[in-house]
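Following this message is one structure expressed as C-alpha cells.
For clarity, chains are labelled A, B and C in written order, and residue numbers in each chain start from 1.
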Amino acid sequence: MTGTAALAERTYQLLLSVRFWRGAVATIVFIVLWEIAARAGISRVPAPSAVVVTFNDLMRDPSYWFSWYLSTRRVFAGFLIAMLVGIPLGLAMAVSRAFYGVVFPVFEVLRPIPPLAWVPAAIIFWPTQELSIMFVTFLGAFYTIVINVIGGAQTIDLRYYQAARSMGSSGWDVFRRIILPGTVPSIVVGATVGIGIAWAVVVAAEMISGGGSAGSMGGAKGGGLGFFIWNSYVGGSYTQIVVGMISIGVAGYISSAALRKLGEMVTPWLREQ
Amino acid sequence: MKNLEPSLAAADANVAVRDDAIAVVAQTSDRPSRLEAASYRLGQWLRSPRPYLMLIGFALFLGFWYLTVEVWKLPRFSQMPGPTAVISEWLSPDPTYGLSLYSPEYYQHIWVSLRRVSIAFLLATATGVPLGLFLGWSQRFKDYVFPVFELLRPIPPLAWVPLAIIMFQGSETPIVFLTFLASFYATTLNTMLGVESIDVSFVRAAYCLGAKRQQVFRHVIVPGAMPFIFTGLQISVGVAWFSLVAGEMVSGQYGLGYLINTSYTMVQYPTMVIGMITLGVVGYVTSAGVRIVGNYLMQWRARELAMGGDK
Amino acid sequence: MRRPSKGEIRIANVVKIYGSEEVGIRAVDDCTFDVPAGKITVVVGPSGCGKTTLLNAIAGFHSITSGTIHLDDLMLCGPGRAQADPGPDRIVVFQNGALFPWKTIVENVAFGPIVQGRLPRKEAFDKARRMLAESGLHNLESNYPGEISSGMRRRVEIARALMNDPKVLLLDEPYRALDSLTKSVMHEALLEVFDRNQVTIFFITHDLEEAIFLGHRVVIMTTRPCRPKKILTVDIPHPRDYSVLTAKRFREYLDETVEAVHEEALKAFAAGERER
C-alpha cells in the first residue's frame, strides 16, 4: 500500500474501533461539563467556547507566534547544551570509578535543588535575562540526561565487554562500539523526559523573570509563552490564559514526540520483529 | 583493564536498597544485629576509596566557588555571595539579614513548605494510586479515562499557576493544588505502568488456582505493582518540590520558594543561597523517607535484593 | 493413598492461527492425540513449534481457531466456545516460575483453597505445611520465594498446584532454566510426587532424554505448524529411578526417536525459528 492509502486504512480502522469512541465520548463529556461549569460561574473558569474564539483571534496575531519562537528557542538552547555537557559527563562517570567518586556526590547534592530555585541566582550571574532563562532550562534537562546516561551504561551486559575484549578490542574500541551504542536508548529516554522538564521550567522561569529583555520587543503578548500566560492573568484576559496553557501543552508534546521519533530512527535494532 | 570493571555507579544503585535490606533482614532473624551490620558496613565504606573521592569532589566544588567569588573576584562571579559569607550567615546567632539556623523564622519557612508538600503529596497518593491501579487493570476504564488524562498532561503544572489563582480562594489552596497536580500525574502514570509491567504468568497462575477477578486484583495486582508504585512516589515527591517552589516564588507568603525570591529582591544574597541549600536538603530527606517506608513495607523485595536478586 | 483421579484430555483436530486466515501464523494444524488419565504424557518438539500454544489452549489462556479439546466429559473449547476458562482442575507450572514473590512459601501454597473458599485459613495453612513436609520443604515455610533456590521454587510450585486436587498438571518446560544436576534431582522429585498422587501430567520439553525418562507416553511434534509426528509408549515400569538412564530399553527408545526429532529440528533450523 502506498503511504496515503496506508494512512487512510489506519484512520478507517481507528474510526471503527470501540476504544477510540470510548475515549472520544469521555473527552466530549469532559468538555461539555467544563462548558456548563464555566457558564454556571463556578470558580470563574473561562468557558471552552470563549477560549476557541480567543484562539482564533490570536492565530492572526504575530506577537503570539513570536512568543512561541522565544520559548522554543530558550528550551532548545538549554536542552542542546544539556545534551552536549550531560552525555559526556554521564559517560565519563559510568566508565571511570574515580571520576564517578569525585563528581557524583556533588551532583547528587545539587540535584534536589529545583531548577526554579536557581532563577534569582541565574539572573544575578548571567548578563542577560535570556541567558539566565536558558541556564535554568539547561539545569532542568541536565540532571535527567545524566542520570539516564549513567543508568543506561550500567545495564550494558558485562558479557558484551567480555566478548569484545576476547576478540581483541582496545579500550577505545570498546567504548565506541559497545558502551556508546548500548547507552543510546537511555540517552533517548533521558532526552525525551528532559525536554518535557525543560518546557515546564521555561514557563515558570518566564513568569518569574518577567519575560526577558525580548519581552519589551514583542509587546504585551511577546516574551515567551510563560510570560504570555502571566501577562494575560495580570491583564485580566482569562481566556488567553487557557490558550497559553494549551499552547505550551502542544509545544511540549510535539517536542517529546519528535525526539521519540528521532530516537527510534537512531536505534533500529530495538524494533520489534 | 580498570575501565571495564562494574562502575561504582552500579554498586551504588543497589546500595540504597541493600542497606535498608540488610537492616530489615538483621532485624527479623538471628543474623548479625543491626548495630553489627551497620558498623561492618561503615568500616567497609571507610576502607574503600569512596569517602575520600567524595571529599575531593566537595573540596573542588567549594574551592571553585570560594576562589571565583571571594579571592579572584571574577567579573560575574563577584556579585554572588561566597561560601564564607553564606556559611557565616547561616551559622551566626545574630545574622545580618535576620535569617540563620538560630532564627525561628527559618524553621517557619521550612515548616510551611513541608506542610504544603505533605498535604499535596498525600492527596496525590490517595487519588493517584487507586486511579493508576484501575487504569492498569481495566482496559475499559483506561479507554474512557486515559485520553482525557493524556490530553491534560502535557500542560506543565506550572502553567496552571494563574488559572489556579483564579479558580481557588486564598493563597494556600492554589499552591497546594499545583503541587498536587504535578505529584498526581507522576504517581498515576507510574502506578499504571507498574500494573502493566507485572509478569502475566502471575496473573495466569492466580486464575489457574481458582481466583476470581477481584481476588486477582487484591492478591496479585496490588502487591505486584508496589515496587513500581514506590519508585513513582519517590519521583512524585521530587516533582512536588519542583512545583511547590514555582508556586511559592510566584505567589504566596512564607515558604522556601518565597524566601528565595524575597531575599533576591531585597538583595540579601547569602540568605537566598541558604534557602536554596535548605531546599536541597529537605527535598533529599523527604525522598529518602519515602524510599525507607517503601523498603519497610516490602520486606519481600528487600530480602530478595539482599540475596542478590536471584531470578 | 489417593485413588487415581480421572483427567483424560482428548485433543481433536485442533487448529490455531494467530492473526487472520490468509496472512496469520498457523501455529497448530489439525492436531489430534489423547492424554490418558493418570499418566505422564510428554510432548517434545523443536522450539517455537506450537507446543506451548497447545498447553495454553488447554489451560484457557488462548483461544483455538477450530477443533475441540475435552477434559473427561467436559468440552473445554470447541465450536461455540473458542477459549476455555482457567481453573483449578488444570493447573499450570510455568517455565520461569510463578510463585508470588510477595507472599511467603506457606502463603503461596495455601493460596488456592483459601481463595476458592474451600478451606478456612487455618486448615489451609495446616494442609500446606503437611504438603511441604512431604516434600521435605517444611523448614522454608516462612521464607519468601526470592530467598530460596530455583529448584526449590519449582517444587513448591508443584506443591501449590497439588493442594487443589487438580485433575491435570500442565508443566511448560519447568526445568529448562535449571542446570543438569538440579534437573536430575527435580525429575526424581516429580516422579515421587506422581507416585503419591497419580494425577495426569502434561509435560512439555525439548529434552528428549528427559521426556523418555519421565513419560509413559512421548508425543513427538513436527515443526510449526505442529501435529503429532510419532507417538511412543514407554514401557519402563514406574517407579523409575536414575538407573533407568543406562538401561538398554531406554537406549532403544532413544534410538527410535532421536532420528525423528532430529529431522524436525533441522527443518526448524532451516526455517530460522527464533529461539523463544
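Heads up, the rule we're going with is that contacts are C-beta pairs under 8 Å (C-beta built on N, C-alpha and C of every residue); 3 or more make two chains touch, one makes a residue touch a chain.
It should be emphasised that the depicted structure is a prediction, and the values quoted were computed from it without experimental measurement.
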item	value
Contacts common to chain B and chain C (chain labels)	none
Chain centroid nearest the full-protein CA centroid	B
Contact pairs, highest-scoring chain pair	A-B
For chain B paired with chain C, centre-to-centre distance based on mean C-alpha positions, whole Å	46
Chain centre separation in whole Å, for chain C relative to chain A (CA means)	49
Length of the line joining the C-alpha centres of chain A and chain B, rounded to whole Å	20
Touching two or more other chains - residue numbers and ranges from chain B	none
Residues on chain B engaged by chain A in the complex (per definition of touch)	1-10, 12-13, 49-50, 53-54, 56-58, 60-61, 76-77, 79-80, 139-140, 143-148, 151-163, 165-168, 238, 241-242, 245-246, 249-250, 256-257, 260-261, 263-264, 269, 272-273, 275-277, 279-281, 283-284, 287
Complex interface listing, chain B residues touching chain C	199, 201-202, 204-212, 215, 219-220, 223-224, 226, 298-301, 303-305, 307, 309-311
Contact footprint of chain B on chain C as seen in their complex	59-61, 86-88, 90-92, 94, 96-98, 100-103, 111-112, 115-116, 144, 146-147, 149-150, 160-161, 164
List of chain A residues in touch with chain B within their complex	18-19, 22-27, 30, 43-45, 93-98, 100-106, 109-121, 123-127, 150-151, 153-154, 158, 161, 165, 171, 174-175, 196, 199-201, 203-204, 207-208, 226, 229-230, 232-233, 238, 241-242, 244-246, 248-250, 252-253, 256
